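In the two complexes below, chain A is the common chain; its partner is chain B in one and chain C in the other.
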Partner chain A sequence: MSFVADVVRAARALPQNLRHDLHPGVSADDSPGSRLRRSFLYHLFPLRVTERALAPATTFGLGLVSVALFILLTVTGLLLMFYYVPTPRDAYGSMLDIDNVVTFGRLCRRLHRFGADLMVAVVLLHLVRVVAQAAYRRRELNWLIGLGLASLLVGLAFTGYLLPWDQRSYWAVRVVTELLGLLPVVGRAMQLVLVGGAEVGAATLSRFYALHVALLPLGMLGCLVWHLWRIRKDGGLAAVEVDPPTVAAWPHLVLRVSLVLLGTTALVLFVALVQDAPLAPLANPLRPENPEKAPWYFLAVQEMVSYSALTGGVVIPVLTALGFLALPFLDRADLDVGYWLGARGERRTVLVAVVASGVVLGLGTVAYLTPELGAVLEALPPWAHDVLNPAGLMLCWTALVVVGTGLRTDAVRPALRAGIGALFVGLCVFTLLGMLRGPDWGLASPWEAFRRVF
Partner chain B sequence: MSFDPRHDSRRLFELLLLVASVLFAGLAIAAAQGLSRPWKAFQAQFVALGLGKSEVPPGIVEVSTCDGDVDRCTTCHLGAARLDLNVAAIGHPFRSHRPALGSHTPERMGCTACHGGVGRALDVDRAHALAGTAGVDPLLKTPFVLASCGRCHVPGDRPGTETLVQGALLYLQLGCAICHSLTAGGIGAWDDGPELRALGRRSKVELETSLFEPAADFPESTMPSYEPTFEGHPEELTVLSTYVQALTLTRLPACATAAARDLGALSVACSRCHLDGGPAAGVPHRCSYILERKAELRCRGCHGAATGKNAAQDCPVVAAHRPACVACHWGSETLRR
Partner chain C sequence: MKKTRPPEAASVSDAVSRRDFLADSGRLVTAACLAGVTAGAVRLSLPDVESGRRPRARLGAPADFKMGTVTWLQEHELFVCHKAHGFAAFSSRCPHLGCTVRRTTTGFRCPCHGARFDPEGRVVSGPARRALDWFAVETGPDGQLWVDRSRATEPGSFTPLRVAAAESAG
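Moving on, here comes the complex of A and B:
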């Protein structure tokens, strides 16, 4: 019977022996929590962080929320990959199977869909935060990495949009790839590379799938690690104080990070519990949707292109992209970096400019839609249509705001901020208007538009 | 900024616990939702009736449909393929299908080819495309299910499609085609009504509402109310609604090429394949409308004289009757040209 006693003794001692064998040299009383802290968290976080960095209103945790969503999207995306079939013939059926037969498939798809939409919105707000705090100063490289991440994210959201292969996604991708073709010189080539043929079809789906599950996520992971590493290398959040008060990262930072990660997951889960992820009928290349609409993050461009392909599809997107790339190199002041909208006088000027932009662009767009003005504009020569429309108004108004604010404050930063504010307000107006578009791109009631979205 | 780390971190930890418990509660609800299998209750009920050939619930039952998809309807409709359960005592979902199936059995065709709905879904609301599943084909029941004949058949080419022929004739007699043209992309001769094929599926109630109160959906509509027309003729209303329903249905790929099917296209006009003397050129004409009016159309006069393959299209008599042709051949682009 001594054999049995030996086995029992060995089994009892197993946890202790395992710990000893796996971590030689680590004492048994060293708790898992403290090891986690030492070996993982202190490599991820600095030892101490400034008190200001922990205050909620400093960043609203927007960057961290995006990281949380990236993790959520990666996990749910990997699960969905097991069931999704990327061919036009089977894609829609596999979506229905994920929704109806796969255990927790419906939940996964909802989390993935709403997580993606939320991530685009949150990253946009993160960008606004960085601009409003001039946090790109002395962090030029990280600003550029961030812009790269934002483009990768939009690419991921857009390539994922096609995968259900339903009417809505099919025609939305037709719209956006045609918008892409409007770009000068490279547009047609980019469109051909993306679509893989004359029309959106099997080649497009396999290209979008490859981009969505491999190329773009890997690029995003790499850039994300780089982005986070640069934050550490650049000395944490952008700030101007010398020797600010600090606290230990454990537990103060770790608690807040955990709170944001769990809170974000809980939020997306809540939406996924009450709202179904949209799935329109099977894609039919012979029966166009009316209206054909781009996903909401491209809706402003589609709305502007409906006024003028040149102004809305080429001039404004290209100027915006160039402006954002050049931003940290145009604004050379180190004053008030890390604070919302800087000094009080400048803050008021920028806010006034943004509010005025809302009024001017909102009223201008409404005026443009009235039949009286429409009749007047109709009589003008064709070239005038490229300028005399809400998109042209936004372009001119933004230029005016930049020059006006610059002259008034005699500084570059408030001028750039006011300009970006005007642009942002204009794009919001166009996105809202795009959401209200009904059949034949006419205006529908908000209720109709709401019903179409949900 | 006053900052008391100890007090602050205790409060935060409590908040963290709160958020974590909310998250776990959400996950528990999600687990309950995700693990519910409503169809199992139906199968248990069926087993309890003692009608099954075995006492074991069959699990998820899949049937391949004629268009290469999968229907799971018979997971709950366990008696649909059997002939012995068509008795009043047995209600839905277990009753036998009406015996009018002919060769259109669930094993051969699936269910959704005729009845619409979402064949892959396994809960009642989604499978039957009830409220909240907008944009999906609604379920078609008797007598509207006859509209589905038009997904594969040209009206009049088979017995059983008489309703669609009657509907096409009503459509012409009532002058629907004057505004809701079936040619030239829906541009009417007198006024432009919306092209009915582009409207997508409408339920029976929606179709009747738009006939009786055209301004209900389109306030600027100039269409008169057809309520007096159908007063005392409910069967004609049913026939016309069935025909219009048929117009809005997608065609099944019975006549689509494999390439078009790969595009995911279910509605491919026959003319895509049978264009200009394709395989259909040698098929004898079965159209009841033409056969009835053979003498009137003087086909022989044209076909005897013309040598080209498109003789029928150059024929002025056929051109004059083109609206009538399209009333049945609504998928055909050859006729629309």
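Moving on, here comes the complex of A and C:
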């Protein structure tokens, strides 16, 4: 009968044994340090962190918010995959099902859509933070990994955009793949690989689906893990102090991280509860909508492309990418690394450059849109149209700002920052203008544009 | 610090050791394999068969297109224009980035980035840098109107077709 007794004893001890056997990292008498060391999840964190790294204004938690959104997008994306059918015949119908038939389907789709929108914005701000603190200094590899993450994110946003197979997705993809063909050397091959044939169709949807649900997210997961690991390998967040005051990561860091994850989810959930995710009519390969607008984060490019496909769609994006790649290898100063915008004199220089850019680019664009100047420009030969437009102006002005600031301050960093500032101001002007575009790409009043969006 | 190594030892250490040679060979083979697989994957992704349209297509009987009209043939993405001096066909695809242009009172207009064209498809304003594509039109042995996309023509070049002229006159 000892068999029965053994079973009874094991059953009684089960709760306690489960706790001990399945969670070996934690027991009541463990010190906080050993908890961090022995639990898989927590061992992502260092044992101690600097007080400065914990201060909200150091990073605004922007990288962490991006991580939270990546998790949210992965979960909601997997759920959407249960119902989404990636063929031109069924895709749109399955979107309608998700919105109208599937229980919680609409909520899930909104979470995925708004999470993606927010992630683009937050990653951009994270990049701005890293630039404004020169936090790429002695973190060159992690800067490059970050740029890889940013390009994967753009790829995910773009491939995801096609999946609903509505009017907007279809025409956006047709225009962008056409644009890719203009890239020198590799353009035509990239276009063929993405489109999978002569026309955007079933082959394109299959390829975009594979990229969106497998290749790009896996790439992003890999880069993300690498990115986070590099932060610890680089000795934590960038800072100039030699022996800064620290606190124990448990509970200070763990608590903050949990709060950021929770807060991000709550924010997206709130937006998803009150705002509907857009879905245009079914794709019609013969008739674009009027106007056919890109999502907000591509509007600046669409606006620039409406001046010149070559300048706005190829030259400026390629030069910007090259500039960002080169950034940490051009700026080699160790001064003020980890502090917002460095010394006061430098701050003023950058501010002046940004304000001047707003004035020059704003006025230049308005002048370009007046019929008087339009008539003068129209008389010029075709190649001149590619240069003499607001996008060309932004390019030349940015170059001027970089050289001018560099000569004035005799330093590389303020010159690069002023240049990036000028570029951002220009892109903001173009985004605003893109929002005002109405039927036939004419300009509408802000009020009309607002009404169209909401 | 001064180098104290005897000359013959230096020449021995210049020679590649067996260990280094094998390790380097291993790296080289690995790199070559990876490069080969990558090249193969890229080649696989390039489609061999492009499902595009054939260059020659039948547009219909000349009498279907009334004198003085411009007809949009959706499935061909073409405008067919019939005037006193003959027939012409030009693409409804915007030469900027491929949207479909629409007819307006003054010619054509593209909704995507606002390119404008005159009634014969020449650029008036906007980001398009060339006119709508014009293609050669001919009558086939069946008496029908055909377009040949492999032969581009100048904007404004009409094909005089006697059959058509006679028919529309009568």
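The rule is simple: the second predicted complex is superposed on the first by the 412 of 454 C-alpha atoms of A that agree within 3 Å, B and C clash if a C-alpha of one lies under 4 Å from a C-alpha of the other, contacts with A are read in each partner's own complex, and residues count from 1 in each chain.
As a convention for this text, a contact is a pair of C-beta atoms (placed from the backbone, for glycine too) under 8 Å apart; a residue touches a chain by one contact, two chains touch by 3 or more.
Nothing here was measured: the structure is a model prediction, and the numbers come from that model.
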item: Contacts of A:287 with chain B and chain C, given as first, second, both or neither; value: both
item: First, second, both or neither for A:416, with chain B first and chain C second; value: neither
item: Greater chain A contact set [chain C / chain B]; value: B
item: A:201 touches, of chain B and chain C: first, second, both or neither?; value: both
item: Touched partner set for A:382, first chain B, second chain C, both or neither; value: second
item: First, second, both or neither for A:103, with chain B first and chain C second; value: first
item: Touching partner for A:179 - first (chain B), second (chain C), both, neither; value: second
item: Touching partner for A:441 - first (chain B), second (chain C), both, neither; value: second
item: Which superposed partner A:127 touches (first chain B, second chain C, both, neither); value: neither
item: Chain A residues contacted in one complex by chain B, in the other by chain C; value: 201, 286-287, 290
item: Residues of chain B touching chain A in the complex; value: 1, 3, 5, 8-9, 12-13, 15-16, 19-20, 22-23, 26-27, 29-31, 33-35, 60, 68-70, 72, 118, 120-123, 126, 132, 134-137, 198, 250, 261-269
item: Residue numbers on chain A that touch chain B, as the complex places them; value: 51-52, 55, 87-89, 91-93, 96-97, 99-101, 103-104, 106-107, 165, 167, 201-202, 245, 247-248, 251-252, 255-256, 258-259, 262-263, 265-266, 269-270, 272-273, 276, 280-287, 290, 451
item: Residues of chain A defined as touching chain C within the complex; value: 171, 174-175, 178-179, 189, 192-193, 196-199, 201, 203, 286-292, 302, 305-309, 374, 378, 382, 385-386, 439-442
item: Partner chain A, residues of chain C touching it in the complex; value: 42, 45-47, 49-53, 74, 77, 96-100, 102, 109-114, 125-127, 129-130
